[in-house]
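See the structures that follow.
Shared between the two complexes below is chain A, which has chain B as its partner in the first and chain C in the second.
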Partner chain A sequence: MAELSFPLPDLGEGLIEATVLEWLVEPGEQVERNQPLVEVETTKSAVELPSPQAGKVLRTYGVPGAKVSVGEPLIVFEVADDAAGIVGTVPRDEAPKRRVRLTAVPDED
Partner chain B sequence: MNARHQGTRPEHLVEGSRQELAFQVHEPDAAALERPVLLLHGFASSSRLNWSDAGWLSALADAGRRVVTVDLPGHGSSPAPDELDEYSPSRIRAELLQLLADVGVRPYRAEDPASGVDLIGYSLGARLAWEFGGAQPQLVHRMVLGGPASHDPLADFDLAAAQQFLADGTPIADRSTQELLRMAQLVPGNNMFALMSMVQAIKAEPFTPTEAVPKMPLLLVAGEQDELASTMPELARLSGRADVVWIPGRTHADVVTSRAFKKAAIAFLAS
Partner chain C sequence: MSETTIAAPGRTGADPEPAAPRQLSMQQALNLALADILATDPAAVVLGEDVGTLGGVFRVTDGLQGRFGAARVFDTPLAESGILGMSVGLAMAGFHPLPEVQFDGFAYPAVNQIVCQIGRMNYRSRGTLPMPITLRVPSFGGIRAPEHHGESLEALFAHVPGLKVVSPSTPEEAYHLLRYAAARPDPVIFMEPKSRYWQKGEVSTGRRGADGDLGSRVARPGKHVTLIAWGAMVARCLQVAELAAEDGIEVEVLDLRWLKPLDAEGLAASVRRTRRAVVVHEAPLTSGLGAEVAALVTERCFDTLRAPVERVTGFDVPYPSGDLEDEYIPNIDRILFGIQRVLEYRRG
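Entry: the complex of A and B
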């Protein structure tokens, strides 16, 4: 198995960080693509981020109230080796029709 | 994901002028069996910010509900007319009534789960819902009011100070005015002229919840730290048929994404 990490995405409008309000999933949980992962709040609004990936959650970053910067790790999934075989390959199914979505970070190992 | 219809439909005159608020109908994956849910966003927000980005559209689609979103005048994708009258709450309610007719909402009958409409309104949208439900009991089945107040905070907005501030940066003394304007300015693309027109129209028609108390069951929801909704219990008392939910740790700005809020709303509308 391999790990696939997603950073806090660019939330637009020059925002550089967001505060975690509540995690809707926890490590060990199997999640579906587009399932709501976490609620975060910026200085402008509160948003719910959907999962970019189906898989098992390995780690989440940021307890409620903690600030996470854009580009810093937000969540790590465990995925089958072939899914992570090509560095930076994003899942093949249809992209979620949401304005803000998470994008995988290339594995640096 | 759910199918959407863009806002095209027969042209209608509402109170003598053309209705043109931007709306969308969001269909769930399987055919909806229940009545549609109309979502009304808050001041200086939009259907996108208040409902889409905050996760309400996907939650309601997962619950199998057909949803109608509409942008208030001068907000989101709706036009920002020059005429002050276009922003008045009574005018907006007339447009909502026409919109519901256009999307096929039929009068509510207790034995028909597809008849009538459910409303979810947030903040200013909650005020509009209270008034709409009070005036249109034949259409509305149940309503969820988020971050509501018995007194519209926009009615106390210091418009002169805000306009002065926008013109030359003179600081605003009133804290509530300062905060509302700050929130309004944070959203890029917000049309400040239109938002000030709406405040002016609201000041001319302030919220008087006793005027038409909605008779259908209500769910009132606010963050425990929401200062603007501190008068919510007064609405519950007036209604006599309201369930009240306070969401721990949340404010007026961040209760909108709350899973507990969505779950409570969806369960309440389904019962």
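Entry: the complex of A and C
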């Protein structure tokens, strides 16, 4: 298993930090990709941040009311070693399938 | 040019003791290779989008920033021209940059830096400014990625004078070829087959020497036909060889590894044994690397060839995204048809 840290992303033009309002997940919980993780407030608005990926939550940073700077760790996931990258899927290992049979006999001369 | 003020340390680190071979995925093998490079070459630096804090979108640089520090493993802005431009400057100042372009489709914005600077600097400076840059490019398809996240750029890079191009097919090859590439004074485009990142294989560490790292590799011997491939297509060709054996056809699979320079002698030696050749690649047919392979084989083996060199490739369309890639990437049946065609060919 590997740990994957997700830092607070830039939530809007020029915003450098956000205040944690409420955590919607807790350590130990298995989350799906795009599941709302946390509600944060910036100087512009309150927003729910979706999970960038599936995995088990290991740690969260910032109690409600605390400020987190853009780029600082927000949440750490535990992911399987064979988890897909952020884009795409892991190809399945399948038994090779064929429809074509070779019929030619190679001349040996 | 006056002496640079940026001091890059020399190569002083000792190689770690070779460990017993172990089962690693290609992604883990590449991570280990990068760690061993950073540990043994104080001038090596890793840079790119999300390679630091995040550890790379495919986890290839996982943990490296924590171990070697943010001065040697660092995130860059989302600007490939900047990543490669910075690598040119670092190389001129004595560093050995290992930049990453996050996906092959993102290499296009950096083509000016790759072609007009990295490929030419050594030539332009009469050998005084070599470019010891190893550009890692997660390449090819097979993971159902969206557009711009899967390409097959080997012919484009192989066409550029001054660049070397290599693509590993197994975790073992990935570890050793990356270490070899990083120790070269020349720029190397290192094409990592994304669809093979997760498959495990036995990896031995330490160094295996230039004889083991150069040229092509016979991945499976056979006597009736040579299948020529690189990157992710090697595994598929090995599957095809297994199936062809059921029909009594012994297929030799040649893993080219180096796409520039091409191993002309290795190609010729294999085809002289089998007298038939099928080259398989994901890139479109027209002006693909298969054309160069076919020309080399024909030049060297014209008298022994029993059939024209067959090409089984992608189609002349943009690399498709999502499930459509199944219709595009050469599949087992298309490769078997290619073999059938060279087997049944008779001179008229």
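As a working rule, the second predicted complex is superposed on the first by the 83 of 109 C-alpha atoms of A that agree within 3 Å, B and C clash if a C-alpha of one lies under 4 Å from a C-alpha of the other, contacts with A are read in each partner's own complex, and residues count from 1 in each chain.
Throughout what follows, a contact is a pair of C-beta atoms (placed from the backbone, for glycine too) under 8 Å apart; a residue touches a chain by one contact, two chains touch by 3 or more.
This one's a predicted model, so the numbers in the text were calculated from it and none came from an experiment.
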First, second, both or neither for A:A104, with chain B first and chain C second: second
Touched partner set for A:P36, first chain B, second chain C, both or neither: first
Contacts of A:R59 with chain B and chain C, given as first, second, both or neither: neither
Chain C versus chain B, contacts on chain A by residue: C
Which of chain B and chain C A:A2 touches, first, second, both or neither: second
First, second, both or neither for A:D81, with chain B first and chain C second: second
First (chain B), second (chain C), both or neither touched by A:S45: first
Those residues of chain A which chain B touches in one complex and chain C touches in the other: 96-100
In the complex, chain C residues that touch chain A: 25, 28, 53-55, 57-59, 62, 103, 142-146, 149, 194-195, 197-199, 224-225, 239-240, 242-244, 247-249, 276, 306, 332-333, 336-337, 339-340, 343-344
Residues of chain B that touch chain A when the two form their complex: 1, 45, 48-49, 52-55, 58-59, 186-188, 249-250, 253-259
Contact footprint of chain B on chain A as seen in their complex: 13, 21-22, 24, 34, 36, 39, 41, 43-48, 50, 64, 96-100
Chain A residues within the chain C interface of the complex: 2, 4-5, 7, 71, 81-91, 93, 96-107
